[in-house]
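A, B and C are the chain letters, set down in written order, and residue numbers restart from 1 in every chain.
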Amino acid sequence: MVTENIRQNTYFILFRIAAFLSVVILLFVLLYVIKEGIGVININFLTSMWSHRDITQGGIFPAIIGTILLAIGVSIISIPLGICTAIYLNEYAKENMFTRTIKLAIRNLAGVPSIVYGIFGMAFFVLFLNLGGSLIAASLTLGCMTLPWIITASEEALKSVPYSFREGSYALGATKWETVRKNVLPHSFSGMITGSILGVSRAMGETAPIIMVGATFFMGYLPTSPFDKFMALPYHLFILATQHSSPSAGEYAMGTALVLIALIFILNLGIFILRYNLRKRKEW
Amino acid sequence: MQNPRKFREKIIERSFSSVSAISLLILISIFIFLFITGIKAFTQISLSDFFLGNVWNPTAYGEPTWGILSLIVGTLMIAIGSLIIAIPLGLASAIYLSEIARPEIREIVKPAIEMIAGVPSVVLGLIGIVFLSPLIANIFGLSNGLNALTSSIIVAIMILPTIISISEDVLTSLPKDFREASLALGATKWQMIKMTLLPAGLSGIVAAIMLGLGRAVGETMAVLMVAGNSIAMPASFFDPIRPMTANIAIEINEVVKGSLHYEALFAIGLVLFVMTFAVNLISDIIIERQVRKYKW
Amino acid sequence: MQEENAKIEFKCMNFWYNDKQILTDINIKIYPKRVTALIGPSGCGKTTMLRCINRMNDLIPISRISGKILYNNEDIYDKSVDVIDLRKKIGMVFQKPNPFPMSIFDNVAYGLRIQNRRDKNKVKQIVKESLEKADLWDEVKDRLNLSAFRLSGGQQQRLCIARALAIDPDIILLDEPCSALDPLATAKIELLLRKLKNERTIIIVTHNMHQAKRISDYTCYLLNGKVIEYSGTAEMFDNPKNKLTKEYINGEFG
């Protein structure tokens, strides 16, 4: 069957090209940002305040701080809430139509566009609750956006613990909480935490929601209270790329992008290493 | 002693359920808030004007118009354009990873593709502005490259990891039995893939595509940066467009809070919410059915 | 043993998974248009041996083989052999029925379609004949478009046999085809096999000795990867030459 073999070989070569094209795209993106942005990276850029008049003199330190503060805020708000909800839904709630609907709804909220969360955050936290454009409003908004991700990731971690562990515990007369605490959580906790941190790292890169809840392009001081406005890397990068008039704006945008990617990458790498080490210790 | 133990259990369970209730309340209130604010717009704008009118001009001096048709068209063009690129590329890559690649190669390529998903959309938008749109402008002889075509390419890159990842999961989850039976009849590997695996995994792959569609519809930043932002009805992929997401992002900071314009933007947000939620929901249900069908 | 030309001949065949030797020094001839049964306790290598004949073991990367397996006097492991072509001449039925997620008709027609034989009338005719030979036609003739999964286990297995028959193979390999079926379904398939052997060579792996006794002409007893005894079925069961064979037949171990 020569023709069939030829046909197969042709298709398989095309498929191989397609797969590697995807990898090439990734490499291109990373290398391009590195190449274009590395020129502006220096200690000054990373550690000094933004200079409005001459951007080549200033740095993005406040944006870095802003992004980190946001990440911390989002983590505080949504990780405990998300993990506890996942524990309840997976371990305590009865298996019925109602629970299934809720789980389905949560999973699909994760697909709603970030801009929609943004206008919600603006309408609710900034205006209705009168928190104004601020770190706290932004953290709450991004927190709402990250909540479905965290609940879903934690649920997956809990589901991966075999039922037999729980059965063994109940058979010995343990209560539900004792079972969860001693037999389920130790094995799933790392999965839940890494899933959550991954969700937070995605939130760090989001721009649309924070545009309308307190992100600014230039502040002369670092935020000192949760009610302050703040600078953030993605928003900073966006303005530099689209609205800034300085001729070096493009280069600085790339530099900011590089810092943002590096931050996310470091966070992900940390999670990866953590997950690898924890997985090695698992016996099953 | 039974009672303190039982009491403590009850408290713990109550705490968990309260916390969950808070989460759920938050998530529900998002929808409710959107709904309340957005629906107010329809007290003054008729549904047909909104969905079928093709001029969006809320700040017009005389009579403001509220037709979002050109915005919807913008969103759809990006959705279709990005899918045209991402589906063949994504499916081919998924087949490669699942059926052809050696395990060592798979271990490297799969994480690499998932890393694309980690790149923030602003960064891809930046590359679009700085690299891709001048390139497109050059190739096609346009004055600038900020149009539906460039946006489609960037969004295609963003939804590629979703389509590849889920399609690949669907294919690898198909039972070994089909493959063995097919090969034992003298099929080549490609015949096995084309005539057995793809039909069997079809609904899962469709679901993966729908998830990609959902992301394409909801993408804001990257399109904001490269779509050209013109509210005129586009005539081709070389024209600038303004999808719904970008429109909200552009105008929201300038509206008077509480005005009709403000409410209209929320109405657009509501439309987006419903579109993406529905697409995700359908896709989810399809995947669940697909998985159940083959888990013997 | 008859002295006819062997359909398949194992010559000094050894088989390994990495370093673990599964089959040792297999030297037997399989005769045409007969049913040959491979019997032995679990893990003795009979399924591995079966799967070597249509080179399905090639799919397992750690497998290694030495020696020859001749099919019509040609070594099937020779580099010039196209394994896809080989498999078109040797049909296989698996332990657990594995119909494709398609209609009954499409299942049987599959083998024809991959050979690009698409003449609609011819395909219909072959599907009908195959289902008749597999004793399934009467039960499904009115619902050929229904999904194959709607059939019972026994019917699905007969469907798989029909599917294999459709490409008119020279040899049919069956790997414990009845182990997942109830006695009634099993009886139907055994009847079917007895009819089929008039046209083709049949090799069946079974861990049910009584089945071997019922339907096979020759029986090969394997233990720990070695052929202990190979002879005509009646002869082996009435008068086993090897002590180990005698022990197995008498049920002294399973």
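Just so we're on the same page, a residue touches a chain if its C-beta (ideal position, glycine included) is under 8 Å from a C-beta of that chain, and two chains touch if they have at least 3 such contacts.
Nothing here was measured: the structure is a model prediction, and the numbers come from that model.
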Of the chains present, which has its C-alpha mean closest to the combined C-alpha mean? B
Compared with chain A, which chain's mean CA position is the farthest off? C
If you tally C-beta pairs in contact for every chain pair, which pair wins? Let me know. A-B
Using mean C-alpha positions as chain centres, tell me how far chain A is from chain C in Å, no decimals. 55
Geometric centre distance via CA averages, chain B-chain A, whole Å: 17
In whole angstrom, the CA-centroid distance of chain B from chain C equals 50
Residue numbers in chain B touching 2 or more other chains? 188, 191
Which parts of chain C, given as residue numbers and ranges, touch two or more other chains? 84-85, 114-115
Shared-contact residues (touching 2 or more other chains) in chain A: 1, 4-5
Sort out for me which residues of chain B touch chain A in the complex. 5-6, 8-9, 12-13, 15-17, 19-20, 22-24, 26-27, 29-30, 33-34, 37, 88-89, 92-93, 95-97, 100-101, 109, 112-113, 115-116, 118-127, 129-131, 157, 160, 164, 188-191, 211, 214-215, 217-221, 224-225, 245, 248-249, 252-253, 257, 265-266, 269, 272-273, 276-277, 279-281, 284-285
Using the touch definition up top, name the residues of chain C that touch chain B in the complex. 54, 56, 59, 84-89, 91-92, 94, 96, 98-102, 110-111, 113-115, 160, 163-164, 167
In the complex, go through chain A and note every residue touching chain B. 1, 4-5, 7-8, 11-12, 14-16, 18-23, 25-27, 29-30, 32-33, 36, 81-82, 84-85, 87-89, 92-93, 102, 104-120, 122-124, 127, 144, 147-148, 151, 175-177, 201-202, 204-208, 211-212, 234, 237-238, 241-242, 250, 253-254, 257, 260-261, 264-265, 268
Enumerate the contact residues on chain B facing chain C in the complex. 177-178, 180-188, 191, 195-196, 199-200, 293-294
